[in-house]
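Letters A, B, C, D and E name the chains as they come in the text, with residue numbers starting at 1 for each one.
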C-alpha cells in the first residue's frame, strides 16, 4: 500500500517537474528534466551508491544522537525552570547562528571525518526535537499532575511514568521533523568539509557544471529522506497510539 | 523580568564563549573572543544596523507568508486524506532538497530583489508549521469529533470551531520553531544573491577573514532571533491558554 | 543608454576593480551604458544565470568555462578581467611542506569544486607524487583558516592576491606554489562570459572599452583608484582590501577584449588529457574576440 | 420536526469474539420514553453508540431500523456519558455549538432560556474549567435540549446531580422531551419509573422488558435477583 | 499507618471576590466518616481540594488544621470527581500507579485482590479506553483503596454505578475504610446515611451539621426545604 502510494506520488512529482521544465522553459543546466537526471543516475549508479552509503550512516547516527540529546534537554528544561530560562535563549541562539559560521569551529573540534557531519546533523535535529518535546512536557494535564501530587509522587517517576508518556505525541511530532532535517544536516556537514558523501558529490557535480549528476544525487538524498520519514512516522504513530491507549494499527 | 533574565543569559553565554576561547585555544580567525567581536560591532555599528534593518523586514514578511501557507496546507491535508497522502511526500521532498540546489531556480523566478529572500524564509518556515499543525489537527479528541458528528456538523465549521482551536497548542509549537528558523531562511536567501542584509555582510566578512565582523553580525542576527522568539512565544502561550480555556497570564 | 546586467563571480572585492572604477568614473555612462552590478554568493551560479538569459555578462573562471561548455551550457568568453592565474597551492611558510613533493600522504583542502583535481594531478606529477597519495577535502569557504589551524596541509584554489595578505594579517605567513610555475598551462583567472547565441558584440565592446579605460586609470593612479574603490562601500575599507588592491593591479588584463587562441586550446588539451573533457572543442566555440569586425 | 419513529434493535454484540450482550430484540416505541438499566459495563453505552452509528470497536450482528424505514443518523440528539464541552468556549457558546457547527444562526434567546432552565443562569460566560462537575453535566444537557430532534438519547444525564437538582431536571426533561422517542440510560430505578413508558433491563444474557413503571421497589428487587 | 487525625476547616471561600460559601466551621472527627451533601456547584469539590492543598483558583480566608497539628499534605488518599486514569496504562497498572510514582514496589497481589473487590477481575489488562464509565470509576476507586493513608477523601465515588454494584461498593468501602478519617461527597442521602457518622449539608450560606443518620427521608425533606 505505502509502496503504491509512494509510487503514485513519485509519478505526480515527476509530472509536475517535467511540466515545470516545459512551461517555464528552465534551461537544463539550471533544472534538468527528469529523464536527463535518470540517465545521469544510471550512468553513475555505483558512484552515487557508494557516497549515499556514507551519508546514510551519518544521518542515522546523527538522528539517534540528536534525538537523545533533545529528549535529555527537554526533560532538564521541564524539571528546572531556572535551567529553562537561562538555557533556552542560548539554544535559540545556537539555532539562529547559521551553521556555516559554526562549521569551521566544528571541523576544528571534530575534524574532517564523520564526526563533524554527525555533529552538524545533531545540531539541526536537536532544536526541533527539544522544542516540540518541551512543549509537550509543559502541557501535561494539570489534573493528572494534581493526582500524582496527592499520590505522593517523586519527581523522577512523575517524569518517566506521567509527563513522558503524556508528551509522546509531541515527541512524535518533533521526531517527524527531525527525520526530514537529519539528511540536510549531514549534507551541510559534508559541504563544510568532506571528501565523501552525497553532499560532497553534489558540490563536485555542481562545480563541474554537471547539473544532471547533481540533481541525481539530490533525488537520491530526497528519496532517502522520504524513506526515513516513513520509517520514523511508523514509530511516531505507535507512540501517539500508545499515549492514547489504543493498539497501533500502522 | 524578561529583560533581566535575558541579560543574565547573555552574561552566561558570553562567559561560556570566553572560557571556550581560553580553554580550547581556538584561534581568533576561527572563533574570536567576545571582546574582539564587541569592538568590531562598535566600529561597524551603523553598517550592521543598516544591513540588519533589511534582514528584519525579510524575516517578518517571510514569517507571515510562511505561517499562512503552512496553516492552509495543514488544513488541506487534514481535510483530504488523498491530498495528504500524495502531497506530503512531495513536501518532504522539497525539504530534503538542500536550498543551495534550489537557489539558482529561485533567483531565476524571483529575481535578485527581496522576493527570493522572502521565498527562502517561507520555504524554511513552511515545513515545521505545516508538520506541527497537521499533527495537531490529526490528533483532535475523537470523542469531540463524535459529538460534532451527532450534532450534524458541517466540514468547514468543524474545522474552524473544533479542530482548529483544539490544535492551537500544536500550531503554537510550530510557530515557536518558525520564529527561530525565519532569520536563518532570510540569511540563506541573502547568500544566494544579495547586496544588502546581514547574510551578505556575514559572507563578505567571512570570505575576507574579518571573523570578528562576521561574528558581530551573527550576534546581531541571533539577538534578533531571540527577540522574535520571545514575541512569538507570548502569542503562542496565549494560544495554548485559549485552547485550554484559561485566561492567559503571559 | 543601453541597460546591461553584470553578475560578479562573488561579492565585490578588488578583483572587480575595473568594473567598479568604470562605474564610478562614469566610463560606462560615457559609453552609453547603464550597468547594474549584482553579486552572488555561489560562484557557480552566475554562468548558469547568464546562460539562462537572466543577465548579459557574468564573471567566471576560464577552467570552469571549458567544463561548462562540455556540459552544454551556451556560454562563450567575450572578455578578460584578470589575465593570469590567481590560483595557487598554498602552504604554511614555516610548515613542513617545502615543495609539492612533500605532500605525499597529506590532506589538501579545496573550495570551489571543478578542476582542482586535474590541477593537483598535474602539479603532483611534476614532483613524482601520485594523485591517490593525497586526500582531497572540501573545506568550503575556509581556505586559509583551515590551513592556519592545521586541519589541512595545503589548500588549492586560494587566490595569491588575497590569502597571502590575509594570512600575513593574521600573523601566520603563507607560501604560494604558483600553478603556472608548476607545470600548468597558463590561463585567464577571471573572464567575462556571455550567452553564446545572443552576443551583442557592440554593447560588449563598449563595455570592455570602458573597463579598459578603468584599468589604465588604476595602473596609472593606484592610490587614487583605491580611494575611489574603497569609497563605494564601507565594507571594503580595510587593510586586507587595500593590500590586495596593490597586489591585484599587475594582474588586471590591460587589453580586456584581446584573447590568445593558443592559450585556450592548450588549456582545453590539458583538460582532455586529464580526463575532464571527452573531446577537444575548437577554440571558436570557447572564446571570441568581440571587437573583430 | 418530523414525527418521531419507533426504533428496533436486534442481534448480538461482541468485542473481538467475546460476547458482550445479546442476542436481544429491543423495540423503543415511537414518541415514548424508554429507560435502560443494567449493571455497569453491560453494554448500555455501546448500545446507544451503535444506534447512533458511532465507532465502538464492537461487532454487532443484527439489525437496527426505524419504523419509518428512514436511517436514524442525523435524527438523534445525543447526550454522552461524559460532558464533552469544548474547553475554549464559554458555557453559552458551548450550548449553541450545535447550530454553530451546522453554520446556522444560533437562537441565543432560547439558549439563555435553556441555560436558565438547567439552573445555570449567571454562569453563561464561564469556561468549562470554572464549572463544577454537576454544572458541566447540566451544560451538556442544555446543549442537547437545544437540538430539536425527533429522537433523543441520554446516557446517564443526571448522574452528577444532587437529589433536588436532579428532581428539577427530571421535571424539565419530562416536559421538554414529551412526544419524542427517548432512550435514556440511568442507574436510578426511581428515575426510570418516574419518567419512562417502558424499562429495559439489560444483563449479560440479554435484555428484558419491564413494563410495570408504577413501583421502583419491585424493579429494584427484580434487579437484585438478576445480579445474584 | 499513623492514627487518623480530625480535620478542622473554618472560614469563607471566594472566587475573585464573589463569595462561594461560608463562613463555615467544619470538623471531621478523627477515625469517623463524614459525608458532604449539597447542591451542585456549591463548592464541595473546592472544599476537598482546599483540604488537599491543591490549586483551586479560590481565595480561602480561614484555617485548615489537623487535630495532631501535623500538616495534612501527604496523608490523604483522594479520589477525584473524574477518574483521571492514565490512558496508556492498563487497569492493573493504573491501580498500582501510586506505588510506581513513589518508586516503590507495587503490591501486585493486593492490587489483584482490590480489582476483584471492585468487580473488575478479568479486565486487568484493558486500557481505560476499553472500559465503561462505571468501570473506570471503580478503577479509580481501586487505585484509591490501594493507598493506605489515614485520611481518605472521596468525591462522588459511586455516581456512575448501578444500584446493585453501588450497594456492593458501599459495603466494600464501609469495610475497607473503617477506622480512617473519611470525607465523602455524595448526592445520595441514603448512601450518606448508610455510611456516615455525620453529615454536613452545604449551601450558599454555610454548612450545617446533620447528625441524624438514621433516616434518609428526613434528610431529604430537610434538603428540599433548603433548596426551596
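In the analysis below, contacts are C-beta pairs under 8 Å (C-beta built on N, C-alpha and C of every residue); 3 or more make two chains touch, one makes a residue touch a chain.
Just so we're clear, the structure is a prediction, and the values are computed from it rather than from any experiment.
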item: Centroid-based (C-alpha) most distant chain relative to chain D; value: C
item: Whole-Å gap separating chain B and chain C, where each centre is the average of the chain's CA atoms; value: 36
item: Between chain B and chain E, centroid-to-centroid distance (C-alpha), Å; value: 49
item: Geometric centre distance via CA averages, chain D-chain C, whole Å; value: 83
item: Sequence positions of chain A contacting 2 or more other chains; value: 26, 30, 100, 104, 108, 191, 206
item: Of all residues in chain E, the ones touching two or more other chains; value: 82
item: Where chain C touches two or more other chains, by residue; value: 48-49, 52, 141-142, 145, 149
item: In contact (per the touch rule at the top): chain pairs; value: A-B, A-C, A-E, B-C, B-D, D-E
item: For the chain D and chain B complex, residues of the former touching the latter; value: 52, 54-55, 74, 76-78, 80, 82, 84, 86-89, 97-98, 100-103, 127-129, 147
item: In the complex, chain C residues that touch chain A; value: 44, 47-49, 51-52, 64, 67-68, 70-73, 107, 109, 112-114, 135-142, 145-146, 149, 151-152, 276
item: Chain C contact footprint on chain B (complex, rising order); value: 27-30, 44, 47, 100, 103-104, 107-108, 112, 190-195, 200-201, 203-211
item: Residues on chain B engaged by chain D in the complex (per definition of touch); value: 142-144, 146-154, 156-158, 161-162, 165-166, 168, 242-246
item: Chain B partner contacts - residues on chain C that touch it in the complex; value: 10-11, 13, 38-42, 45, 48-49, 52, 54, 141-142, 144-145, 148-149, 162, 166, 169-170, 234-235, 238, 240-241
